[in-house]
Amino acid sequence: MQNEFKVGGEKVEVTVAKNDEIWSLGEYSGRIVGDGRILITAADGQARFAHSAKVGDTWWVHFDGHIFCIEKTEPGSTDNDSDGGMVAPMPGKILDVKIANGDNVAAGQLLLIMEAMKMEHRIVAPSDGVIKQVNFAVGDQVQQGDVLVEMSE
Amino acid sequence: MQNEFKVGGEKVEVTVAKNDEIWSLGEYSGRIVGDGRILITAADGQARFAHSAKVGDTWWVHFDGHIFCIEKTEPGSTDNDSDGGMVAPMPGKILDVKIANGDNVAAGQLLLIMEAMKMEHRIVAPSDGVIKQVNFAVGDQVQQGDVLVEMSE
Amino acid sequence: MINTVLVANRGEIACRILRACNEAGLNSIAIYAPNDAGTLFTELASRSVRLEGETIADTYLNQQQILAIAVEYGADAIHPGFGFLSERADFAQAVIDAGINWIGPAPQAIEMMGDKMTARMTMKAAGVPVIPGEEIDSDDEAEMVAAIVESSQRVGYPLLLKASSGGGGKGMRKVEDPDELVEAIMSARREAITAFGDGRVYVERLLTGSKHVEIQILADKHGRTIHLGERECSVQRRHQKVFEESPCPVMTEGLRSRMGEAAVLAAKAVDYVGAGTVEFLLAANGEFFFLEMNTRIQVEHPVTEMVTGVDLVREQLRIAAGEPMSCGELMMRGHSIEVRLYAEDASNNFLPAIGPLAIFRAPQGPGIRLDTGVREGDLVTPNYDPMLAKLIVWAPSRSEALQRMRRALDEFVVLGTTTNIRFLRELCDNRDVVSGRTDTMLIERVWPDGWHPDYEETTLDAALMAAAISESAGLHRAVVAQAGIESGPTSPFQTLNRRYP
Amino acid sequence: MINTVLVANRGEIACRILRACNEAGLNSIAIYAPNDAGTLFTELASRSVRLEGETIADTYLNQQQILAIAVEYGADAIHPGFGFLSERADFAQAVIDAGINWIGPAPQAIEMMGDKMTARMTMKAAGVPVIPGEEIDSDDEAEMVAAIVESSQRVGYPLLLKASSGGGGKGMRKVEDPDELVEAIMSARREAITAFGDGRVYVERLLTGSKHVEIQILADKHGRTIHLGERECSVQRRHQKVFEESPCPVMTEGLRSRMGEAAVLAAKAVDYVGAGTVEFLLAANGEFFFLEMNTRIQVEHPVTEMVTGVDLVREQLRIAAGEPMSCGELMMRGHSIEVRLYAEDASNNFLPAIGPLAIFRAPQGPGIRLDTGVREGDLVTPNYDPMLAKLIVWAPSRSEALQRMRRALDEFVVLGTTTNIRFLRELCDNRDVVSGRTDTMLIERVWPDGWHPDYEETTLDAALMAAAISESAGLHRAVVAQAGIESGPTSPFQTLNRRYP
C-alpha cells in the first residue's frame, strides 16, 4: 500500500506490501505485535520494536530511542503552508508587538512576544520579508493554531 | 436505564438514571472520569473510584480494594446453568476418572482428576446425585468450557 | 569476558535478567515459545529468537534447541533464571561442553544439592546442622520400609517422609501416628517414582511452629564467599511462598552471623560459585537446621537487593565473567517485603486462573518495585506457572514497609483475570503477620476453612452501580472484542499439588 | 497529632504527598482545578474537592478558597508541596491563624529566606560563607545605581546583578564589562519591578565553572537539626535543573561535613523546622558559598531519599505532628540520579509543548522510581508547568546508576507530546556528565548552538516504515478521536524566561 508522508518539511512516499501477517519494504520486514507496537526487522535479521500513535494527521513513531513526527498527507496534495504565516503553538496572551503592517523585517528580527505556559516566547522572523498583516494586539488572548503574523518574502 | 446482572449466583436488577454527566441510583451518584474509571459518590459525599472492564458477558469491577465479577444477563432470561454440569475452567488433560455413568455420588466425592497449569485438580461432586454422563476418558485433552461430567440431583 | 548472554527463561525473571544485561552493556538473546510472542521480555533483548514447538518440553526445556540457538547467534553465556533448566546439572554440563559460560555453579554442585539425601549428608559432614532424622540407604521397597520403621523410633513423632529427589511437596508425607507410617511410606514412594522416577524416601522430624529462613550467598572465582543476610519466607500456601521479607522479624545479630557462617560453610562444601540460597528451618527456640540449597537465583531475591543494595543478577554476570564480585561489607538497611501476584482464586484453594489482563494498573511511588512479565492486554494462559509479577516494597522499618505494601496493593488494579491481590492485602492486616509471628503453617492456621473475601453490602452495591453505568454507557467494549478467552472464578475444583516448571 | 492533611498542590508532587499520607494512615484531601478533574492525584486522596475558578490565581493560588475547604472538610494540616503557595509566608501565617498545622517552617523563616538580600545578610552574620559581593541598602534608583557602581570595583568582574525578590532568573543580569554596568542595573531593576513589584538589586561576583551543590536538612521541634548529605544539580537549562544526583561526584567526606555543618548553621539561624534545602555554589577550588535556602520540599528530593533511605515527606508529616524525626545516623549508600521529564522541545530552545499522551510507557525494573502526575491518555495543556514526571534511578555506583538511567530512558516511550527524553538520553552519554565534570554552564558549553537529535538515515527509514504499516493497517485510530488538541514541534519561537507557578 502506498502512503504519502511529510517529515522534516519533506514529502516522502512509502509503499509497503503485505503478505500474510508480514509487511515488507525493500530489505526490511515488519509485523504488528500489539496495540501500537511493530517489530521491524532489518536485512541482517536484527529486529527492533517501533511504537506508533496517531494524533490528528500525524503519526508519532518511536524507534531506537528516537521520536519522529510523520504527517500523513493526501496523495497529490499541494504544499499548503502559508508563506511565513506564524502560528501560535499553544494558547496564550500577546505581551508585546514590535512591528506593524508593511514593515520590512530581517531574518531573526523580533516580531512579537507572547506568554504561554508561564513563559515568555519571542516570535522572530524566519526570513527577510515584509509584514503583510499583524492579527493581534497587546493583551489579546490567542488560541492554538491562530496565525499571529502574516509575512511575504 | 435498567440492567439485569447475576452476581454470586443471584440475579439483581440495577436501574441507573442519567442527568447531564451524572448517573444516579438512590443516594449514590456516579460519573465516568476516564477509560474504565467511574467516580462513585455515596450519600455522605465520600467519593471513591471504581474500575471496570468487560470480558465476554461479565463486568469485572474493582471498588474499595474488592473485585466483583458481575455477569450481564438478558432481561427475562431463564437460569440456563446446567444442573450440576462441571465445566473445565481451563484447558488441560484428564489424569483419572473415578466414576462411571449411572453412579450415585455424594457431595464432595472425588469424580475425576485433571491436570492444568502444572497442577493437579480434583473435581468433586457439588451435591449428592447421579452421574448422567462422563464425557472424557483418561488421557483426553479438554478445552476450556468443556462439560466434563453431567449430573442430576 | 562475556559479550552475549542467552536468557533461557521467560516472563518476569527473563525481564529482570535482560535488563541487567542491558545495564552491563552486554548483548542479550531472548528465546521464546510461539505462545510468548509479543510479550514484554521479548522486547527487552538485543535479539529475540523464536523456539519451535508447542509444549514446554519442546521449547523452554529443550536443551538441544536452546544450545543450537546459543551457538548460531554467538552467545558466550547462558543464564537459566529459575525453574525450567536452572537446576539441571546435565544442561549445565552441556553448556560448558559447548564452550559457553554457564551462569551458575558447577554441575557437580547442582548435582550434590539436587539430591536431598546427598545434600543432607554433605551438610552433616561439613558441620552444618540438619533436621534430626536419618538417611535411608536402600532403594529396595521392603528394605526401605524396614529401615524407616526402625529409624522412626529414634527420630520420633510427628515426622516427615521426604523423597530424595523431591520438590514442591511431591513425595512428602506428614506422619503423626506410628500406625500410619507404613502406608505413608508406600504412598510417598509411589508418588516419588511417578514424579521423579526415583523412589528413595528418607525421614526427618517434623518441626512445627518453625520459620522458613534462608540465607543468600555469593561466591566468586577469586575465592571469596559471602552471605547477604537472610530472607524469611514462612508464609506459604501449598508449599509455595507468597510473602517474603528481609530481615526476618526475629533475627538477631548473633543468630544472623551464625546462620550466615553455616550458609557459607554449606556453599564452600560444594565449591559453590555464583548466587545461591541456603534454606533453613528456624525453630522457635532459636535452633536452625539445613533444609536445602537452591543453586540458582531465587524468585524472592529482590528483598535481599533492597536491604543490602547489592544487584544480585549483575553480580552473577560479573562472577560468570571471572571478575571479582563488586560488593563490599554487608550493609543492611531498612526492611523489604515481597508478595507474589498469582493468577489464582485464593477463595477456592488457590486454583489457578486464566483470562485477559483487561486492566493491569500497577502501583507507583517511592519504595515500590514491580518485577512483572505481563502488561495490560496480555492473556494469562494455562501454559505456564500462574505467577504474573512480584510486588516489592522497601521502607526504613518493618511497620512502614507493611504500610507501604498495603498502600501499593490498594492501588493495584487487575481486572479480567482472578488474582490473589485481595488475599495479599488482607494478609498484610493479619495480626500474626503484623507482629512478625509468622511460621510455615500460618495460612492454614489463620484460614482453616479457606480464605474468603469479606466486604460490606454497600461495597457490592457500589460495584453493581459501576457495572450498570459501564453497561449503560457502553464503556470498554474494545476489551471484549480483543479477549478471545473466557475467565472467571470456578467452583467444583480443588487443587492438589503444583509442580514447578 | 494530625488526622487529615490537605495537599495544596497538583501533579506528581501531590501524588507523592498523598501516598505518604496513605502510608501514614492519615486522611487526605486533594484539591483540584476543574481542568485537573480525573487526573491521577485526585484518585489518591481520601477525598477530592474541586476548586472553583479558571486561572491559577483563582484556584491553586487562591488562599481564601483553599483555607475555606480545609476548614469545611476538617483538615488539621496543610502540605503545600513546592511552587504555588509553598513559599508564601502570608499563607503559612493564615493557615496557622486558622488553627491548622502548616507543614513547613514558621512564616518568619520563609520570609527571611525569601528575600535574597536579607537571607544573604543573615547567613553572613551566622558565619555561613556567601558569594563575594555586596548588599545594596537603597531602593531609590539613583542611589542604587551609584552604590552598585561603587561596590562593583571591590567585587570585580565578571559580576552578577540579582533582584532581591528574584527567582527563576528574573531580574538577574550577567555583566562582563564595566561599560555595560549601568544599563544592566536599569534593566534588571525594571524587570524586577515588573515581576515582583520590588526593584531592589544587589551585586555578586560571577563564579564561572562552579557546581550547584545543595544540602538537604531536616529539623524537628525537639531541637534536632541534621543534614542528609548533598545533591548536585549543576546541569540546568534556563536556570532550571534537569539532571540531579547524589552524592556529588567530587564530594569528599571532609567537604561534606563542612558543607553540612554550614547548612545546619543556616537552618538554625532562622529557627528552621521541617525539610529544607540550603543551596551552595561549589567553586573548582573547593570553596563553597551560600546561594539561597528553599524553605520547602524540593523537586529533586528523591535522590536524597534513595541514597540515605530516609522518607523525607513522611518525616515532614512526623515533624509537623510534633513527633521527633525517625531517622538515625546519616548512612549514605550507592548513587542516585534524577532526570526531569519535561513536555518541551529540547531542539528548539526547550520550548514547552502540549498534546495528548497517546502512549506513555514507563520504564520498569530494579532501582527505578518514577514520580509521575500523568498517565497514558492524559492531555498536556498550557495551563501548568511542563514538568510531567521525574525518573529516578539508584545503583551501587555512579557508573552503574548512569547505565541504569540509560536503560530506563531507552525503555521510556512517550508519544503524542514532544518531550525531552531523547535529550536526557544523550546527556547521559556526554563526556563531562560521564566523568562528573558538570558545572552550571554545561548545557550551553556542550551545545552552544542548541541541541539537535542525531540519528542514522536508516533509523528514519524504519520509522517511516512503521508509520506506513500503522497507517495501512489502521492502527490506533482511537487515539485520534480522543485527542482534541493538536501537537507537534514548532519553529519560529524562541523562549525567554520561565516563571515558576
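Before moving on, here are some points about what is shown:
Labels for the chains are A, B, C and D, by order of writing; each one numbers its residues from 1.
The working rule: a contact is a pair of C-beta atoms (placed from the backbone, for glycine too) under 8 Å apart; a residue touches a chain by one contact, two chains touch by 3 or more.
What you are looking at is a predicted structure, and each value in this text was computed from that prediction instead of being measured.
Graph distance from chain A to chain C, where chains that touch are one step apart, equals 1. One inter-chain figure worth recording: chain A and chain D are separated by 30 Å, centre to centre, where each centre is the mean of the chain's CA atoms. Each chain gets one centre point, the mean of its Cα atoms, and the points for chain A and chain B are 50 Å apart. Centroids built from CA atoms put chain D at 41 Å from chain C. Counting partner chains per residue, chain C shows two or more touched chains at residues 410. Contacts with at least two other chains are made by residues 35 of chain A.
Inter-chain contacts, as defined above, occur between A-C, A-D, B-C, B-D, C-D. Interface residues of chain D facing chain A in the complex, by the touch rule stated above, are 351-356, 358-359, 361, 382-386, 409-410, 413-416, 418, 421-422, 425, 453, 455, 458-473, 475-477, 479-480, 483, 485-501.
Residues of chain D touching chain B in their complex: 37-38, 43, 47-48, 377.
For chain B in complex with chain C, the residues that touch the partner chain are 1, 3, 5, 7, 12, 14-16, 18, 23, 25, 28, 30, 32, 35-36, 38, 40, 42, 48, 50-56, 58-70, 72, 86-87, 89-92, 113, 116-126, 144-145. Looking at the complex, you find that chain A touches chain C at residues 33-35, 37, 45-47, 49. Chain D meets chain C in the complex at residues 15-16, 19, 22-25, 44, 302, 305, 309-311, 314, 326-327, 331, 333-334, 364-372, 395-397, 400, 403-404, 406-407, 410-411, 478.
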